[in-house]
Each structure stands twice: as C-alpha cells, then as structure tokens.
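See the structures that follow.
Next come two complexes built around subunit A: one with subunit B, the other with subunit C.
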Partner chain A sequence: MDRKVAIAGFRMAAAPDLETTRERLVFELSKGLLDDLGIDRDAVDNFVLCSNDFLDGRTISHVFLGPPAGGYMKDQTKVEMDGLNAFIYASMGIISGQYDVTMVLAMSLTGSQVSPYLYFDYSLDPTYDRQLKLLNELSAAALEARSYLAANGYPEELLDAVAVQNLKNAAANPGQARRIEGVSREKVKGSPYYYEPLRELHCYPPTDGGCAMLLVSERKAEELTDKPVWLLGMGRSTDIYFIGDRDLSTSLSAAQAAQRAYAMAGIKDPAAELGFAEISSPFAHQEPLLAESMGLLEKGKAAAAYEAGDTAVDGGMPLNPSGGPLGGNPLCAAGLIRVAEAARQLRGEAGENQVKKADKALVHGQDGLCAQQSAVVILGT
Partner chain B sequence: MEEIKDTFLHPVVPLDFQNNYRVGAYLQRYLDGFREKKILGAKCSQCGRVVVPPRKYCGACNLVMEEFVELPQEGTLENFTVGHVTLEKGQLNRADAPYVIGMVRLEGASNSLLAKLDVAPADVKTGMKVKAVWKDQVEGEYTDLDCFQPA
Partner chain C sequence: MEETKVVTGAWELSTFKFNVEGRGLQLMLKHMKDRKLMGIKCHQCGTVYLPGPFYCRKCHIKIDEPAEVSDHGQVMTFTIGYADVRGNPLDEPRIAPIVKLDGCDSWIMGVMQGCAPEDVHVGMRVKVQWAEETTGSLQDMQYFVPE
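The block that comes next holds the complex of A and B.
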C-alpha cells in the first residue's frame, strides 16, 4: 500500500432493543467518537455510512442518517452491504490520497424490528426462490450446516461447542447484546430447533446496534492516537447466488477473500502468523467452516480444535474472543463491529477476553445467503 | 432532563409497490415443461454442465446456454433440513408439525434442486433415492411440481 490506513478510534452499541431513534443512535455514536478523540466534525473530510433501506424503512436511508452523523456538507456516500465493505471502501479513499480522515458509521435496528428476517427474503431471486417459499436465511443456513458436518464427519455436538464458547465470551463482554449467564452445552442443546441441525442458540439474535469508526492516514494517526491499529491487507470475493450450485461444505468466497488479504499483508502461514480472528458467523457452524476455508484451522480438524480449547480466548487460535455474532449481530454494523472488537484486542483493551497474542488479526464479514459474499481484512499493531 | 417515553409508530406507507417480474425465456420454458410434467435443464455447449432450473448463462464459461435437455424425474437427496419453524413475512413462528426441505440432485444434473420432501422426518436420510410427485392438475406453475418422495 502506498499510503497506510489506521483506525484512530471507534464507538459501538448493541442490545436487543436500544430504545432509541435511528437518528439519536447515529448522533451519539458519531459525536461520542469525535469527543473521545478531542476533535469535531470539521476535522473529518469524508463520511461513509452503511445502512439498508429495507431495514431502515426508508429509501436512500442515509439522507436521514448523514446529518446526525455530522456528515452534512461533506463528502458522503453510503454502502448498502455489510459494514466491513464500508470499512474497505473508506480505506480506499485514504489509500488513494483523496482523504486523510474518514468516518465510517454502520447501523440497523434489527432487534426491535417487527419482522427481522424479512430482510433476507428480499435478497432472494424474485422469479424463483421467493416464489417457492422454501429458502430463507435460516433454512439456507441449516442446509449449509448439515452439508459442512456431513462432509467432515463432524457430530452435531460441534455446533453446541461453538455456541457455548461464543456465548461464554459474549457473557464476559459488556458490549454484547446477548449475555447469558452460566451457559452450558445442555442449555444450548435444550434450546428449540429452528431448522435442523440449527437450534435457537446456534443462531444469532436479531440485534439493534451500530458502530462508528474513524479511519485516518499515517500523518493524522500520529496526531490522533497513541495506539493506532493498522490495515495490513484486504480482499473480497463473491460466489454464485444459487445455493444448489455451490458446495456448501466450504466457503469459496471466504477462501478467496482471505487469500487476497494474505497476499496484500504478506502472510504466508495464517494459522501461525495471526494471533486471533473475528469472524462474521451468525450461525454456529459458520465459525469453524469459515475458519477452515480461510486456513485458520486445519481442514477436518475443527471438532478436535474446539474440544482441545484451541479456539478459546486462551487457545492457540482464538476465534471470536468478543463472543462474535452469536452475542449480537446488528445487520450492516456486524462486520464493522468485528473490526472494532479486533481493534480493542490489538490495543490491549479487551478486558476479561483479552487474547495473549494480539499483534495481527483477521476480520471477516459477509453478505448474502451462506456467505455468498465475503470480505476479509488483516489488522495489526 | 425528564425521562420521555417513546411511542412506537407503525409504518404509514402511502405507497404500495406491486413489482411484476417477467420470468424470462428460460424459466418460461421450464414452466411450460411443467404443463407436460417434464423437468427441463439447460446445457452448456462448452463445459457440458446441466443446470436446473435452466438459465441462460453458464457462469463458469460465461457463455449463453442454447440447449435444453429433459432430466429424469428421479434423483438423490444430497442434503436436507427438518423445519420446526415457519418464516412468514419475516416473522418466526413454530411450525404445526416438522417438515422436510431437501436438495435433490436429479440424474444428469450438475446442480441441486431445492424441494419439499414428502417423507417423515425420522425416515429422511442423505443419499436416499427420491422421485418427483406432480399435482394431478398441472397449470404451468412452480407448484405443479408438488414435492419429492422416496423412490
């Protein structure tokens, strides 16, 4: 990269119901972040907002969210995908030399929404899948889960192990929306099935939330922060839409996006070089599936890795030490929150969930059914 | 400042979009095939892949697929899930009874077809042979192909 990009600061909010308006949430995240850094909106030369018109209930939703973010009379654009794509897009503006200071702000109030799963129905092919009414976000994830378990000979209990680890991490993270005290495999196994093999506690809870983050050039990083977190590499990939055409036991999009990010960051052996990963896995099976696809866990050895505690906070490859999307998954903000959680670790501010090797990390974000689209960034200190 | 209790306002949308989607020539052929209880796929002249339902372009070769082929009505259940909930207009509800959705690989097809399975959840197994079940009265609609059941 010709010019470096640093994360100067961030603010997050997540809850089942934030009991706030969209505008108030955006204002508080943005103003809070500017206050943290001791600057005002005049110091920001570009705003990248990330929201979704279906979730927001208004077209061109940033029309209403730009002003409370502080983005009026500024360069302002919107990304209507996962927040990690907004992060990448915002970074490109700094790498190109056009901007020095960019605010990325992603949000949705999916937790307090009456019909949280309707969003994905609108992503279905209207002339086919939407007509058949078989495919939805949950049934697609369940098919992916079974395909992954079957291809690797993993037992359904792997899902319980992943969920317990994530929910324990989430319970120790004050920023998470779903914090269950005393979570156990029995408790996870006792939650009702949605679509087999996925149970309620294997699936993300609809969440209200948002994340504001300030990205800056190297010159500005020196002024604004003592603990810059640097962007080292990024990559994206989009797979085919039709799930009947894909091998659901693996993720081609995550594999390709990660390879592109590794190449840019000069990473040869991700499992050895990376300290931990924050993965957008709204369903339990996706964490090991994506980790294997991205070379973080050895293929076919995920069940053993979870049993041995390798993926726990104090393990060799901690996955979602924040608790991940099973602890809270505000659509649009999800991937940007993963970045913020990784940055918290890299700055040594993750409290009870602090990992030991916090120098380089992978962050994954996704869109579409069964991670049709993946985005990956590598961050480092 | 005094605590203010927010009121929830339900959406008042003065516009009611009605989107009409043309299915296009390929899905039209597929649906026309249903009138004769036939399942059609499209074949790529370069890589030989057969996709069902048919679509115009082969993604791998980036070519127009010009050949339609009739597929057998039997296949293998590649993958399935037992649904215990329904999602109606984005709202999650418990299903009256568990039901099975499967991915069926018809013989000769290169991809899988998502379908309802008429089989008891306790009896469903990956790899089982299944066959298409049609409605008595076919009308050239997706619902003509009612489900698949064990062959």
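The block that comes next holds the complex of A and C.
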C-alpha cells in the first residue's frame, strides 16, 4: 500500500432495544467518537455511512442520517452492504490520497423495529425463491449448518460448543447485547429449535446498535492517537446468489476474500501468524465453517479444536474473543463492530477477554444468504 | 426513554411487476406435463441448471442447450421447520430438503413427504412425487418422497 490507513478511534452501541431514534443513535456515536478524540466535525473530510433501506424503513436512508453524523456539506456516500465493506471503501479513499480523515458509521435498529430474521424475504429472488415460501434467513442457515456437519462428520454438539464459548465470552464483554450468566451446554440444548439443527441460542439475537470509527492517514494518526491500529490487507469475494448453485458445506467467498487479504498483508501461514480472529458468524456453525475456509482451523478438525479449547480466549487461535455475533449483531454494523472489537484487543483494552498474542488479527464480514459475499481485513499494531 | 415515542409504520412493497426470464422456465414446464425435467447445460463448463438460465452464472456466456435431468436424486442438506417463512406456527413439522437431481449441478429445494423427520438424512435417495394429473405447471412436481 502506498499510503497507510490507521484506526484512530471508535464508538459502539448494542442492545436488544436501545429505545432511541435512528438520528439520535447516529448523533451519539459520531459525536461521542469526536469528543473522545478531542476534535470536531471540521477535522473530518469524508463520511461513509452504512445502513439498509429495508431495515431503515425508508429509501436512500443516508439522506436522513448524514446530518446527525456530522456530514453537513461534506463528501458523504453510503454503502448498503455489511459495515466491513464500508470500512474497506472508506480505507480506499485514504489509500488513494483523496482524504486524510474519514468517518465510517454503520447502524440499524433491527432488534426493536422489524420482525426478527424475516426481513430477508425482501432480498430473495421474487420470481422463484420468494414464491417457494420455504427460505428465510433461518431456514437457509439451517440448510448450511446441516450440510457442513454432514460433510465433515461433525456431531450436532459442535453447535453447542461454539455457542457456549461465544456466549461465555459475550457475558464477560460489557459492550455485548446478549449477556447470559452461567451459560452451559445444557442451557443451549434446552433452547427451542428454530429450524433444525439450529436452536435459539445457536442464532444471533436481534439487536439494535451501531458503530462509528475514524480512519486516518499516517500523518493524521500521529496527531490523533498513541495506539494506532493499522490496516495491513483486505480482500473481498462474492459467490452466486442461488444457494442451490453452491456447496453449502464450505465458503468459497470467505476462502477467496481471505486469500486476497493474506496476499496483500504478506501472510503465508495464517494459523501461525495471526493472533486471533473476529468472524461475522451470526449462526453457530458459521464460526468453524468460515475459520476452516479461511485457513485458521484445519479442515475436518474443528470439533477437536473446540473440545481442546484452541479457539477459546486463552487458546492457540481465539475465535471471536469478544463473544461475536451470538452476543449481539446489529445488521449493517456487524462487520464494523468486529473491526472495533479486534482493535480493542490490538490496543490491549479487551479486559477479561484480552488474548495473549494481540499483534495481528483477521476480521471477517458477510452479506447475503449463507455468506454469499465475504469481506476480510487484516489488522496489526 | 421519555424523549421518544413509537409511531408504527408499514412499507407497502407489493406493487412491483417482475419480468421473468421465460425460456428456461417454459422449457421446464412444457416437459413437466410429460413428467420430465428439462434443464439447460453450459456448453463451456458443462454445468447443468434447473430451471435453466439464459447464461452460465459461472462462465458469463449465453447458453441454450437443453439437458434432461432425472427425477431421482439425493438429499444434500435439509432443515425441519416448525413455522412458515413469516413465523406463523405450522400444524406439523415440515421437512424441507435441498436435492441434487441426478444429471443436474444446481440443487433444488422442496418439501419432503412419506418420511418421518427423524428418518431424513444427508445423502438419502429421493424421487419427485408427480401430481396425479400433470398440467405443465410447477405444481406438477408435488413433493420429494423416499426412493
């Protein structure tokens, strides 16, 4: 990269119901972040907002959200996909030399606003899948889960192990929306099936929330932060929409996005070189599925890795030490919150959940049914 | 919060008109009257799709070679649902598999009958249960049943 990009700061919010307005959430995140850094909106030259018209209930939603973000009379554009795409797009503006200071802000109030999980109906192909009346976000994830377990000969208990690890991490993270005390495999197993094999506690909780982040050039990083977190590599890949055209037992999009990011960051052996990963896995099976696809866990050995504690906060490859999307998953902001959680680790500010090897990390974001699209970035200190 | 109040709203999105690619679907429907499944094959990579698109989604070229697909196949994955897609409870659990029909590369989703939920498994052989009287509509292909 010609010009380096640093994360100078961030603000996050997540709860089942924030009891706030869209404008107020955007204002509090952006204003709070600028206050943290001791600057005001004059110091920001570009705003990249991330929201979704279906989730927001009005089209071209950023026309309403630009002013509360501080974007009055500034360059201001919107990304409709996951927040990690907004992060990458914002970074490109700095790498190109066009901007020095960019605010990325992603949000949705899906926890309190829409029928949980069901908005995906609007994203289905209207002439076929929607007419079929069998697919929604949960049933699609369940099909993917079954395919992954069957292809690898994993027991359904793997889902419980993943959920318990994430929910324990989430309980120790004050920023998470779903914090269950004393979570156990019995408790996970006791939650009702949504679509077999996925139970309630294998699925992300509908969450209100958002994240604002300030990305800066190297020159500005010196002024604004003592603990810059650097962008080392990025990659994206998009698979075919129709899930019947894909092998659901693996993720080609995550594999390719990761390879592209590794090539840019000069990473040859991700499992050895990366200290931990924050993965957008809104359903329990997706964490090992995506980790295997991205070369973080050995293919076919995920169940053993979870049993041995390799993926726990104090293991060899901690996955979602923040508690991940099972602890809270504000749509649109999901991937950007993973970036912020990784940055918290890299700055040594993760408290009880602090990992040992916090020098280089992978962050994954996704969009579409069964991670049709994947985005990956590598961050480092 | 005292400072906010709730106003309910709906966004009516039911007034769209969708033009549908006719050829692949017409080809499929025409042969369904004779209880045959006709897809389209990519002449470059060999991928067979059902229903057939006008282009290969992988190669990005136009395709139009009809290819017959078997009405037998195997379960690639499945889920058991207790509610419909809008969240309304169902009277009985519904088995929804994705099936790879023999001779076809794209997989199709449907409902399975004639089998208890606990007996379904990935890799299971199934076949299409055709309607008593076929009319050349998607309803001709009623369910998947064990082979």
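One rule holds for everything that comes next: the second predicted complex is superposed on the first by the 379 of 381 C-alpha atoms of A that agree within 3 Å, B and C clash if a C-alpha of one lies under 4 Å from a C-alpha of the other, contacts with A are read in each partner's own complex, and residues count from 1 in each chain.
The criterion applied here is as follows: a contact is a pair of C-beta atoms (placed from the backbone, for glycine too) under 8 Å apart; a residue touches a chain by one contact, two chains touch by 3 or more.
All values reported here derive from a predicted model rather than from experimental measurement.
With subunit A as the common reference, subunit B cannot sit beside subunit C without a clash. Of the two partner chains placed by superposition, only subunit B is touched by A:Y119; subunit C is not. When the two complexes are overlaid on their common chain A, residue A:T21 makes contact with subunit B and with subunit C alike. Using the contact criterion defined above for the overlaid structures, shared-chain residue A:H202 touches neither subunit B nor subunit C, since it reaches no partner. By the touch criterion stated above, A:R338 is placed in contact with neither subunit B nor subunit C. When the two complexes are superposed on chain A, the residues of subunit A that touch both subunit B and subunit C are 19, 21, 57, 115, 117-118, 121, 126-128, 132, 134-136, 139, 142-143, 146-147, 150, 193-197, 240, 242-245, 248.
Listed in rising order, the residues of subunit B touching subunit A in the complex are 6, 11, 19, 21-24, 27, 51, 53, 59, 79-85, 87, 89-92, 94, 101, 103, 110-116, 126, 142. By the touch criterion stated above, subunit A contacts subunit B in their complex at residues 19, 21, 57, 114-119, 121, 126-129, 131-132, 134-139, 142-143, 146-147, 150, 192-197, 240, 242-245, 248.
Across the complex, subunit C is touched by residues 19-21, 24, 54, 57-58, 115, 117-118, 121-122, 126-128, 132-136, 139, 142-144, 146-147, 150-151, 193-198, 240, 242-245, 248 of subunit A.
Interface of subunit C with subunit A (complex): residues 1, 4, 9, 11, 13, 16, 18, 20, 49, 51, 57-58, 76-82, 84-87, 96, 98, 105-111, 117, 121-123.
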